[in-house]
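Take this structure, written in structure tokens, and hold onto it; I'll ask about it next.
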């Protein structure tokens, strides 16, 4: 990879071009459409893989920077960059999208599905890459539209209700965030005389009064919290996930939820360190509540997909915990947990989708004994589920463990409560597994088909990654750590927070 | 400017004089209406080889009076479906503007009464001509409302015709009047009279066109033949006043002839030099009045002559004449006069201006005709 | 007698500075005269071309003026006895209105042909109306603004009722007319009170007077409150919006497009000029009123749009909410705010013209099929059309990479800069609601081919009734819509601008920014 | 004397205005409107605006209201309106309240000073020369452009009236008419 | 200039002869077949001709005639037949003087005179009753208060146009198909019905045929 | 000039309000339209009064324009009314209800 190749820009542009190309193709040739879509997503995947390998592990700050003045009079530029925090999220995006495009069966209008998917990919990439507030917001908003259409167009029965809810929640968040963005920019301009939307400059110059910053942080946080989602504003998530088509659910859970947590890191902690520190207890509390609440509610679900959705609420609670724990391990754990959750929950949604395609129901009560007739399917399900529970040796363990350690160092009691969530996760997932797969298959369950080759091909990379990250997460952590360290240092410089020595010590192992 | 009467402020004597003038004008109008009715009947019977009224008084002079008295004693009928208030109001609305318009007509020079010099003119407002136009424009109310209030269809048709007709011809009339105003540079009737010499009348100064346009438009405005579609007996059984009788009818009758007199007086004022005339040694205050009356009489005769000669227009002919001929013509003429005047002020040779004006006129006329032909073609095709 | 009067010395008339509106008026008159000589199909087609040419000529003239006044950057010129001021602001609006004329004409041709209404008078009225709008933007005198307003509105009343055979069109005309003249009266009373409290109707004089004198009386306050009411009607700000849905729905669709683009722009031109420059010193008094108007417009417009099932009506309500956004720029009362409003208006002109172009095409002959049902499956029938409409709707919703997003961003950033955080938040929330109904329409176009969406009735319900009116069998619903060439061109232009300004907005922003310098 | 004129004309104005809005019959309303117009014209004269007074009569009374009457009669819409029925419940009291409120507001706003402007900006209204002359001078200098622009307005009025009043062109779309 | 020519003519007429006369002072002789007001005739013996058959009322297009017959009192008969016109009224506000009643009358009872002055002042007076219509004892019409009679006017009252046959056929030249009448006896035949006009009248259609 | 301008202005304000109220309470389009004329007249009176009080001819010039505008408005307005009621029995606004939403 030469530096002259604008790899980050390409990461955004290639899916867009793909979407345009797909939109221009004839609508009837589904195979061609999928192939073209897969090709473009594949190119993006290749680029993101290349990015991951090309990233200098020991380097700090943003790499592969790409900056062009865009709207001069507003100080807006096309500024992209990647660091350890966003690096693997990009990788995750690159992986999940091709799978989401070819994985699930699309029953109608393949063309629209593929085109929207590619556009969605561009939006997600943009959010992770943008280093300009304006650009960030653009992509943040852009993501909503394809998602809206994916759920609204290819979703299940109550999709309209779900889309409206999803849309209203997230747009309300965006509304507050835009005002926050503009306020940051103009207050910064008033203080320094420079009109810029550049995140790095805004964060480094820290020109805001602390009380103002707290309000602005809240404005941003509102948007992120809805996206994550954090406890009281999570109610859109089960509906959206349940009603979305399989591909949509995968992307929604796998990537879009990470937009929120990523936002907390990049635009919360980075830009408003003092405010984040001040308000950390609030978010920790909400995150913990989310863990317990998500788990408890998931236990009671009758709908398998809804159960997985609620499990996301719980998992995301861990990530929030890690982020606001503000320790080296906690943050590392949070970041890697984002990737893990993307992989395991994404895989779970694929699997639930497969069940639905076979049985046209998602109700746990109507399933049963599948293990007998489809052992491979059950095995894959088991593995993914265990990853989600956080079984050592699988990826979920790494993240959760780091988060809990890190948080324990700085915020002990929250960590203690959160640990209960791990146990609950085991409870509801295993119980669900038991009900669905064990026992004697009756009725239609007796003819439950085994995994097809295509499905195996879809699941294979996910399973591989799950295992790989569980067994050997070091390369990943090596790349995350410097950026996290830098972020914590930044926070310490600009606030009264000091990381406990014990955490530092652990980090410098 | 203005009447010298008010120069020393307003006191009792002035008010008395004004009241006196008011009485004189009123009496004059009433008498002139009596005379006019007789005159018209007499002249028109002459032209139609008839005898005309000859019973009441010498040569039937008192015939109008007799008719009037008879009308006053007739029963005042109110149709069943009439709107009572408006029905009774309409005749008055008709007569007031007819009378009021005469107030600004100068009918003589300046005379002395009890040491006060005053103009022989009831009032000389600075916007006299506009006042005239205002009065002529509200004259339509009487007719419209009468027709409508009768609650009967012929009168209604008559009044709808009347409103359209009077509004249409008012434009042409105003343009013709504007020409006279342009020549005098004032809206005061007295000034307009003064701007004309003994023989140097606006009639000649402006070219005859504005006068002719005024004459035609004024005839239409007063609903006199050949523009009497409003009361066209053959079609509308008398039009707006079909349902009227007695005093109400008499008022309409009065208003109609008063209008004729007023319009003639205005024409004399605007185009025929008003009371201007050659000075004759004796009775210097009287002669202007005589000239005025003489001119007025000529004018009245012309009206009667029109009536005797011309058959009634059809409605579309009426509108065509108004909109497609008179208005363009008077507009063009006004512009031409203005151009000539500007040319004089700017020192351009008059023949260039005139030539240019004629050329423009020819083009405009051709264009208008072509457009009208096209319109007719479309209309007949549809 | 004439010798008594001193000759009147006419003021110098700077023809070149008035050239755009003179071109429009001249073009209109030429077309009117030509139209009396020939009345056939060819004439109608050339009338459309001619109108576009005139509009382009006016644009070129404005371009020339833009250079004259120093790129809009301060070399403002007064003309004709201080009656008009030619500055960047005026030229900007001239451009917006000329663009609306051109787009409106392109749109009208196919429509008029389809409805058998071809006559030059349509274009004549449109051009004259536009000249009034330009006058409003240029006027330096309240009276001239009033005259411009009336020229604009009266022509629009007629245009609204142009489709004589349609009851709705006539009704739209009368509603627009009654409420329009009502609002004119309010505006005029406002002018009167302003005149009484400042001594002149000249904006320059008023500004000067107010900057040197402290006017304590409430008459001035009443004056500009009434001015606001009058102009509020024109720009369809809540609570003066009652006419908008009915008129937008009933008017012939090209007229609606023109109305939404040009009339709104002209109304805002007057509003901005009067309040920002003449009453600039009285900001404390009028800003709260504008605040309320803006908020009400956004909230009410968006909310009511959600429940509409008729697309024209929905766009009407959305135009009300857009008026609210544009008012934010005025409320901010800073340069960025004005520039934002200008940018918004230009973007909106293209958006709404494009949107109504699509509506006109989809509503087919008779201009009736404007319900949501008519759009079902449009993406399959006419993918390009559906795509264009999607872009216009997304842009109106404020989706990134379109001009609409930047427009919203611009005005909201101005509000934030002026520290009006509350209105910024409300604006964003309103846009959430607004986005909802735009997206619903898009969903109908793309998704609802075989199944029904919420709020959309079964496919055949209205189709049968409407096609019965056309005297044919119920095939009308399924027939492919006809896309006239001119309208396609118009849509293409709008699309190009919407996306172009979304991706590379800098030139447009510069244009708007340089147009904000108001000389007074 | 001035007071007498003012009171009489003012009473006519108000009575006419009330008559317009309270008459059940359009023709009566129109007549009442004429009364108001005359009252206003008299008030114009009382304030030295002779030209405007005359024009007011010519244009308003002589043309506008005549047109109103013409239309009323032409259309035959001269039916009495049932004023007691209230289509929109509560609109009427609200309207009355609003009206009273507006009056009150205007008086309140003006309690300090009805007029605060600079004098004679566009030229003195008194002094030598007639009212018409001064008006004309102002019209053709300061308000020249506005004056010229009124021509556009009139063209629109003419074209518009023709457009609206014309009959449907041949071969109209029957369907749209019926369905509409 | 055709328009102006009209003006010249009207002006010229002012000094031309008058074609009207001063009516009440001078009366123009009335044409022979003038249709004036009706009279009800009597036979030479004074008996009324009207038998109350109501044919006139039936035929009247304006429905202005009202007749009611009654049986003749046997001792004092009013008419020669069985019945007589007991009530006979004509409303002259409606009458159009078409003469159909005269044609319909089987007994020549009703004829039209040359009296034309209907200047009554009361609408009630417009209804002429039998008392006013029937001829007096001399066979002359009754003079109504508003009628302006000149010497000899009463002579032309009875419609002796009926004396000859209506068709104008030459066969009836010189023959009188008319019963005697009170005060006048049997009238002489009408003048002017010559053989030439008859032939011309009957030849015309034949010529057209050939 | 013994009558103070404020009286005239007050009268005009009342006239304006009556017009506005009338427009709201009446359903007959023609009468609504007349109410607009009332309002315009009130404005005219205000202008003329201000012209006198400020000794400024400008106010009167404005009235001139208002008259022109009123005339143009009436022409178009009545044309609209004629076109809409050509086929209808009466002119009440309640019947104009095709466009309701």
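When the chains are written out, they are named A, B, C, D, E and F in that same order, and each has its own residue count from 1.
Criterion: a residue touches a chain if its C-beta (ideal position, glycine included) is under 8 Å from a C-beta of that chain, and two chains touch if they have at least 3 such contacts.
Predicted, not measured: the structure shown is a model, and the values here were computed from it.
Note on connectivity: the fewest chain-to-chain touch steps from chain B to chain F number 2. Contact with both chain B and chain E is made by no chain of the assembly. A comparison of the C-D and D-F interfaces places the larger number of contacting C-beta pairs at D-F.
Each chain gets a centre from the mean of its Cα atoms; the one farthest from the centre of chain F is E. Each chain gets a centre from the mean of its Cα atoms; for chain D and chain E, those two points are 66 Å apart.
Inter-chain centre distance (chain B to chain C, centres taken as mean C-alpha positions): 49 Å.
Averaged Cα coordinates give chain C a centre that lies 84 Å from the centre of chain E. Chain A and chain F, compared by their mean Cα positions, are separated by 64 Å.
For chain C, the set of residues that touch two or more other chains comprises 5, 143, 147, 150, 154, 157-158, 161, 164, 167-168, 173, 195-196, 199-200.
Along chain D, residues 51, 55, 63, 67, 74, 106, 110, 114-115, 117-119, 121-122, 131, 137, 142-143, 146, 150, 153, 156-157, 160, 163-164, 169, 180 each make contact with two or more other chains.
Touching of two or more other chains is recorded for no residue of chain E. Because contacts link the chains in a way that matches no line, ring, star or complete pattern, their graph is best described as other.
Screening every pair of chains for touch gives A-C, B-C, B-D, B-E, C-D, C-F, D-F.
Remark: chain D residues 2-3, 6, 10, 13-14, 17-18, 20-21, 23, 26, 29-30, 33, 36-37, 40, 43-44, 46-49, 51-52, 55-56, 59-60, 63-64, 67-68, 71-72, 74-75, 77, 79, 81, 83, 87, 91-92, 94-96, 98-100, 102-103, 106-107, 110, 114-115, 117-126, 131, 134-135, 137-139, 142-143, 146-147, 150, 153-154, 156-158, 160-161, 163-165, 180 touch chain F in the complex. Interface of chain D with chain B (complex): residues 25, 27-28, 31, 34, 50-51, 53-55, 57-58, 61-63, 66-67, 69-70, 73-74, 78, 130-132, 167, 169-170. Remark: chain B residues 1, 83, 85-86, 89, 125-127, 130-131, 133-134, 136-138, 140-141, 144-145, 147-148, 156, 159-160, 163-164, 166-167, 170, 187, 381-382 touch chain D in the complex.
The touching residues of chain C, when paired with chain B in their complex, are 1-5, 7, 33, 36-39.
Those residues of chain A lying in contact with chain C across their complex are 23, 27, 70-74, 109, 112, 134, 137-139, 141-142, 145, 148-149, 152-153, 160, 164, 167-168, 171-172, 174-176, 178-179, 182-183, 185-186.
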